[in-house]
Amino acid sequence: MQILTYVLVALSIMSGLGVILSRSAVVSAMSLMVTMFLTGLLYFSQGSYFPAVVQILIYAGAISVLFIFIVMLLDLKPSRVLIPSRKIVVFFAVLAGLFFAFSLMFLILPGVSRSSLVGELMSSEGDVGLFNAKSISLNLLTKYMLPFQATTLLLLAAMMGAILIGRAGRKKED
Amino acid sequence: METLELNLNGAQLRALLPIFFLCAMVLVSLVSSGYRIRGSLQRSLGLFSFVVFVILNFINLPYPDTAILGTSLFVGMLTKVSSIVVGVLAAAACVFVDEEDHPEWLPLLSIAVIGLSLLVGARDWVSFFIYLETFSMPSYVLASLRLKKDGGFESGLKYLMMGAFSSAIFLLGITLVYGFSGSFDFLSILETIRSANPESPVGLLYAGFSLIVVSIGFKVALAPFHMWAPDVYQSAPAAMASFLASAVKFAVFVAAFAAFSQTGILQIPFLQASMSAFGILSILVGNLMALRQSNLRRMIAYASVASAGNAALVFAVGPVGLNSVLVYLAIYGLNIVALFALFEWAARENGLPSSSQADLGCLSRAIRGKPLAMTALGIVLFSLVGLPPLPGFFGKFLIIRDLLRADLFIEAGALLLGSLLSLAYYLKIFVPIALETGAIDGKKAALAGPSSTGSLAGFYFATLLLMVAGFSLAGYFNLVGDTSLFLR
Amino acid sequence: MTALLFLLIPTVSSVLLLLFHRNRVMAQWVNLVFNFLWAAGLFKLWMEFRVQPETSVFPIWFSWDWAPFIGSRFSLAIDGLNFPLLALNVVLSLSLAFYAIGHEKLSASYLALFSFLNAASVGSLMAADAAAFYLFWELMLIPMYFLIGKWGSKNRIYASLKFFGFTMAGSLLLLGAIVYVGLNSPSLGWHDLKEQRWVFDGWFSPQALLFLGFLAAFAVKIPVWPLHTWLPDAHTEAPTGASVILAGILLKLGVYGIARWCFVLFPEASLASSTFMMGLGVVGVILGSLSAMAQKDIKRTIAYSSVAHLGFMVIGLFALREESIQGALFQNLAHGLSTGALFLIFGMIYDRTHTRELKDYGGLATKNGVLATLFLFSAMASIGLPGLPGFVGEFLVLSGSFVTNPWLTILAMSGILLGAVYMLSAMKKILYGEVSPTLEAHPVVLKWSEWMAIAPMVVLMLILGLMPQGFLKLSESAVLGMLSVFK
Amino acid sequence: MESTDVAIETTQLLRWIILFPLLGAILNGIILRLKSTKLAGIVATAASLAAFVASFMAVTRWGFSLEGASLVYDQWFMWFQSGKVSVPFWLEYTPISGIMLLVVTGIGSLIHIYSISYMEKEVGGYRFFTYLNLFLVAMLTLVLGSNLVTVFLGWEGVGLCSYLLIGYWFTKTENAQAGMKAFITNRIGDLGFLISIFLFLAYAGTLQIQELNHLGPQFFSALPSWVLPAALLGLFWAATGKSAQFPLYVWLPDAMAGPTPVSALIHAATMVTSGIFVIVRVWPLFASQPEVLNVVFWVGIFTAWLAALIALTQNDIKKVLAYSTVSQLGFMFTALGAGAPEAALFHVLTHAFFKALLFLGSGSVIHGMHHEQDMRKMGGLAHHMKFTHWTFVIGTAAIIGFPFTSGFFSKDLILAHALSRGMVPYALLLTAALMTAFYMLRAYSMTFMGKPRSDAADHAHESSPLMLIPLGVLSIGSLFMGWIQTPHFMGGGHLMETAVKSSWGGAEAMKPFAEHKISVGGEILMILAVVALILGVAYYSFKVYREFQSKKFISPAERAVGPTTAAPFINASQNKFFVDEAYDLIFVRPLRFLSGAFFRIVDETGINGLLHGMRKSLDFSSGILSWAHTGNVQTYAWYLAAGAAILLIFVGRVLL
Amino acid sequence: MNTEIYIVTGVVLFVLGVIGFLSRRSALIALMSLELMLNGTNLCLISFSRFHGNSEGGSLFLLIVLVAAAEAALALSILVSLYRTSGSVDLDDFRLLKG
């Protein structure tokens, strides 16, 4: 089980690398989808089945596909990661990223390993009732009712924006 | 398993009434924009809905504080006052909305107002995040409402990408905090911190808090996370830009202040210090950058970075500083709205389609020989500079008082220095308008542009509101009394 | 109530004058009427002031709870320290109202700004509350900024910015200090603040820093060397009226402010800084005089002479003796009148010739003997000829400071000599010799209103010079009361 | 007033002495502003005469010797008072004031009368008379003032009037320049006066002259030892300015640019002697400080010598008289320095008469010559201007000390006192007296003897009676004034001595120097020798210059003094020993340079430069910042990420 | 299985996203990197939630998915329009507003 988890972790990181390293947007989008999927599997591996399902259905299934659609739609030429003027950008980006990672790890790991967080996750069988679709939905419908409702407004706004902007982009062609 | 508790009692319903009303108005305006009704009508509708929103909040003022659905909304004095301010700012922005704009601005603006007024009442990070997104999403659209004109796409894309990026950082932050405490609730987090033992993974907590601070810094455009602000303030439609620069900044600041003080961020000296460090940096960067701008809106954008810095300094004071942040930013917001309206009007007078490219010559060509407008401009600018008895002075005064009370001399010094630097560009505005007598380079285009009366009205309206705000300060302090009441 | 009335008259007039922005002449007359009204207000003030008991310390005449949330009441008070300056302000303003009559450039908005400036300056003189004081202190900047920037001469925009920037820099420190001073006080009122005693042990102690904060604003305004470089520019570029008020009232507010606020609130720090500030005063006197000699521009010369004279006042203040402070306060009036008159008279000449260059002048005494005499009279008053007010002020200042620090005083006395050098050189060039082509081309013939403008100043100078005792008595108890904090 | 056993008498008479001329000045200058110079002159003269009458009344009332120790005050009003400084505007009568009053108003009135005619052709001459009256006001204030500040008021007032009158013909820049020079040089001196005032105020606490006299040396000996000498030297320094002593005498010759009556009144008879007058008023203090007196003494001798040397070669008649005045003032200071205030004041009195006479005489000549002042163009005027000639002779006789004229008595008194201080000073002073004889006879001969050397001289006319009457009156004074104070062996008057001694409000002055007794015979012998010498020199000079011809005497002084080896010296003398040039080089130019340098270095480069530098650095830093704002969204995000990373690192550092 | 590995994975994914966002020239890929960041966050969130044994993290996870979808939709619509108007989705091309 543990080995499986390590394999999944390694794979997901590799596919994550694929997202940011590939020359072609299509490859990136596919890698993204794979990463999403692998992450879903990671959820499974720790027993969070409902999130895992959601992840695979919505993320890997919908959002990634949306990206792929757009990539197809735009018909982009493969872009090089390293073109001369961008070397410096890449360098600084990697630098910032490494610093970010380093400092995060530096802060998190000692705490995590020192504390009560160390140890087994609760076994996947014992507490299915606690951590399933129902409990999550209960939260959303009681405690987080208001934010949950607010997301409708959020989605409405996003929808209006997409329509508005999409229409405007089309107008140009007319 | 908690019991399903969805019954709202009367008090809670009344507390929610303004929000409900605005939600209803979102639908109404959505319909009206679908029918492409006349711009001026849409404007009136907007004005109506925000004025009613403000009135409803006013009516709510005397009622006792109400918590709704646990931690997701707390309707207290702070929430109500902030809602009033946000509503007023939105109404002021409504007055000079461009009639040619897509009528969808109204539902979007209403959603943003809802998000902002909820944000202040959020008492857990989940709600906070969602409310944050609730106003962010329409903001992205509002920023790119101009679309192809004036770099609307570009600024919209930048704003959206940056917003999403900072949201991701914010999310990581609350995730880490959650990892530490196992809860999103502000007060429980504070409890966990209080009961933390040496074994507790405080690194998680601190890392989370830091990331939250950074992303909030982004939202209120603190240096060095401010760079989106000039682009957006310049290229969004004037009214929307003024809303983003005033109401959003106000509400996020106040909400962040409330959240930070309740969840214990303001009890951590280092984060307080880093907040004020960002503040000092903002003051320097904002003022210095504003010095070299020729585009009026860009200049004001940088100036607003500096003002955000002023407000950020108060974080170093701790929870007692809330009142001064609130007053300062509310007044500042009115100033900004007035200025944006004025710029829009000046651009129209010059036959420009919008004020995105308005410069000083443009403004002075328009305003010369109009004593009333010049007086109002004087009031607004000197209020920004912080000259008494204009309202801007009191805001600054309160901030300085808080800073000095906490013996934060460097911060106070930075604020004063910033005020001095800001003189250079605020006074520059007067030069071609009131001081030079010769003709101004460039010429006034034929008046082919859209009508300008709305923007002028917006300018006067905002200036009037500014003065009213100044006069009602005493009443406001009577109302809220002791500042410690503010935070429960 | 009278104090409020006195404050409201110029305020109201500034608003009303705007109504006449289409009719310049009308506005000028209305302005004159308002100034007479103001003078009447002063008279009423005087009648009430006269019967006020001498023992009362800075008695409050008017109070209004305007901003309780910052602990401030809008209160106005009058005692012997500020009353003479109020009177001076009225006199100068009346003079300028006469001067404005028939002047082509002085439009309604100019006059309105001017009235506004008047309101602000008397407001800051009367304010008995730190926040109210700061309010008026800052309000003075706005009209002055526009007066210089709009109605000034060629370099006016630079000058107005410099003026605003310098003053604001000082004011902001003042603001910081005011805020801090009020933190533990029941209110920002002068009387409450006076009761506060701040710790003074070394220059980083609270009292010292607060003192410096207050001092910064006043030192810029005075201006104390080396903060003076805004003054020559502002004076030179400003229109005549603004120059007169700048020299006559605004600079004086710095001196007044130090006496009113710095000394009373921070006695130990004042005492400790005495020698240093006197030293700065001396440097101001000497370098101001030397710089005045080097100028080729007449208004600049007069401006630098102000730097030197105000240096004397600084010396007098910080000598911290009754006679020297009295002298400084009296010098306030004397310098206000003499330098005001110099600016006014030269302004009238400038209105006709449009040049400030010394080399363009000569032989004015041939063309207009009376004006030349008055010009010379003012110059003599300015360099402290006995019998004219400048002497009394300088004499008292130096006689006081001589006791405190004889060496600095002797150094400062060189200013008396240098003053004569630059002033008389300038006078020689302007008044005497052959008539210059400029004056030949532009005859300087004054209107009746312009004579009316000069007259009150000259008469007052004579009265002050020969019978200063009444004015000294006026401020005596206030100064003594102020000095009592040092014991 | 401090309580003394001195009786105080109050009066209101004294103020009228000042008020009359003031009224005259106001009438002339402000109210009437008459077109006719003559009428204006009459108004002014009336005012002056009224003052003379009032002075006369005062003198007759109190005389030249106050009984016992009484003080006469006119307690007019409190000028100003604050803290320790109390300056009442009181007037005080003392016997020496009485003498000065008579001199000032008397000679003043004569000169007013003279001016009516002298200035009759002036347009707007009312200005002149206003200034003259104002001068009287100031001078009388100086004389009557009861405390040092009131005296200072008069002191500066006369300076102002002198400034105005020297520059009266202001269209010529040189005249205005001369006025300014006078004023500024005097101001240099005035600083000493002020320092002295401040010292008295700080240490003695009073400025009333009689109180200071009463405090006396005993009081001051309790103070730091430098206080009194410093204060007195300050006063003396002021006196060197006002009374034209080395080093501040340079203004007086230039002051001759003014109208001649002014030179007579201000720069010969009255104002320039005020330095001596003031010193005499506080004599009890001076008498206690022999060191200070020594300074006074040597400065006096040096000045007398130097000025006489310069006067030897001057060709401008007024310049000769001016340097002569400086020289004579030097005599007076020598007298003071020798501890003989009465001698000094006596010489003041006689000098006032004969020098005024000489000036008015030269004025008459100049008037007759149509404003020609160069003696080389005169000659033979004795025939054309008989009356003027004879009065000039009397004046010359008086100044060179012709026996039994006024100058004879006063000068011999001074010489006698100088002798008591040693042979060297005596010899020096005597030389100066001999030089006086030489240059005066030279001036006389060149002007009146020989043949006319120009058309103007040929057609010179005698002046009007209005100008001649004052000449006559002054001649009488010059001849007989000496008899009021004669040597002891002659047994005559000693009015000066008594007047001076009773002018200190009852305070006693010690004798600063040991008396040097000379036998009466020796004294007579000495006087005779002196007279003989003087007359010899005078005759030589007369002989040499009687036949002076301008063509022949290109450098007349060269011929006079003898061989060519002296040429550089003559050149130097003619050029006033380059003192003006030296001052220009040492003081004026450096000052001008300093002013420019300070202005440029401190103000423009320093402070303004700093400001501009600050602005530039702001521009520069905002330029750098602007470069950081690339406009690329990824840069923006980079700052966000980097900011977060840095914050995290700092958190880590703080935390762990 | 301990939580550590999941957290580390989440953070690494997040940082990979950051690097991608900062360095890739194509706006599209930058947006994908953004999704990667959110994905990393989600992983952390779920792990923490799982660890603490309460479902709050799961609730937030759902909401994040929702927001991410909305953001992606809006961003992509802007991108499409941009591509249509300017023919490019390169971020380097959009720097009219600067300084």
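In order of appearance the chains are A, B, C, D and E, and numbering begins at 1 in each one.
The criterion applied here is as follows: contacts are C-beta pairs under 8 Å (C-beta built on N, C-alpha and C of every residue); 3 or more make two chains touch, one makes a residue touch a chain.
As the structure is a computational prediction, the values presented were derived from the model and not from experiment.
Engineer: Quick one: how many steps at least from chain B to chain E, stepping chain to touching chain?
Structural biologist: Steps on the shortest route: 1.
Engineer: On the document's contact criterion, could you list the chains that touch chain D and likewise touch chain E?
Structural biologist: Of all the chains present, those in contact with both chain D and chain E are A, B.
Engineer: Can you identify the chain nearest the overall CA centroid, using each chain's own CA centroid?
Structural biologist: Centre-most chain by C-alpha means: C.
Engineer: Which of the two pairs, A-D or C-D, is linked by more C-beta contacts?
Structural biologist: C-D
Engineer: Specify the chain most distant from chain A by Cα centroid.
Structural biologist: In terms of C-alpha centroids, the chain at the greatest distance from chain A is D.
Engineer: What's the chain with its C-alpha centre farthest out from chain E?
Structural biologist: Measuring from the centre of chain E, the most distant chain centre belongs to D.
Engineer: I'd like to verify one number: the distance from the centre of chain C to the centre of chain D, where each centre is the average of its C-alpha atoms, in whole angstrom.
Structural biologist: 37
Engineer: Taking each chain's centre as the mean of its CA atoms, how far is chain B from chain D in angstrom?
Structural biologist: Centre separation, chain B to chain D: 78 Å.
Engineer: Where the CA atoms of chain A average out and where those of chain B average out, how many Å apart are those spots?
Structural biologist: Each chain's C-alpha centroid was found; their separation is 31 Å.
Engineer: Averaging over Cα atoms per chain, report the distance between chain B and chain C in Å.
Structural biologist: Chain centres of chain B and chain C, defined by C-alpha means, are spaced 43 Å apart.
Engineer: By residue number and range, which residues of chain B touch two or more other chains?
Structural biologist: 126, 129-130, 133, 137, 140-141, 144, 147-148, 156-158, 161, 165, 176, 179, 202-203, 206-207, 230-231, 292, 424
Engineer: Any chance you could list the residues of chain E touching two or more other chains?
Structural biologist: 7, 17-18, 21-23, 30-31, 49, 51, 54, 56, 59, 63, 67, 70-71, 74, 78-79, 81-82, 85, 92, 94-99
Engineer: Among the residues of chain C, pick out those that touch two or more other chains and give their numbers.
Structural biologist: Counting only residues that touch two or more other chains, chain C contributes none.
Engineer: Spell out all pairs of chains that touch, sorted by label.
Structural biologist: Those chain pairs satisfying the definition are A-B, A-D, A-E, B-C, B-D, B-E, C-D, D-E.
Engineer: Could you please specify the touching residues of chain B with respect to chain D in the complex?
Structural biologist: Listed in rising order, the residues of chain B that touch chain D are 157-158, 161-162, 165-166, 169, 202-203, 206-207, 210-211, 213-214, 217-218, 224-225, 227-228, 230-231, 270-271, 274, 285, 288-289, 291-292, 421, 424.
Engineer: Spell out the part of chain C that touches chain B in their complex, as residue ranges.
Structural biologist: That would be residues 18, 21, 66-70, 109, 131, 134-135, 138-139, 141-142, 145-146, 149-150, 156-157, 160-161, 164-165, 168-169, 172-173, 175-176, 179-180, 182-183 of chain C.
Engineer: Flag every residue of chain A that touches chain D in the complex, lowest number first.
Structural biologist: These residues of chain A touch chain D: 89, 92-93, 96-97, 99-100, 103-104, 106-107, 110.
Engineer: With touch defined as at the start, can you tell me which chain D residues reach chain A in the complex?
Structural biologist: Interface residues on the chain D side: 634, 638, 641-642, 644-646, 648-649, 651-652, 655-656.
Engineer: In the complex, go through chain A and note every residue touching chain B.
Structural biologist: Touch list, chain A to chain B: 103-104, 106-112, 114-117, 135, 138, 141-148, 150-151, 153-154, 156-158, 160-161, 164-165, 168, 172.
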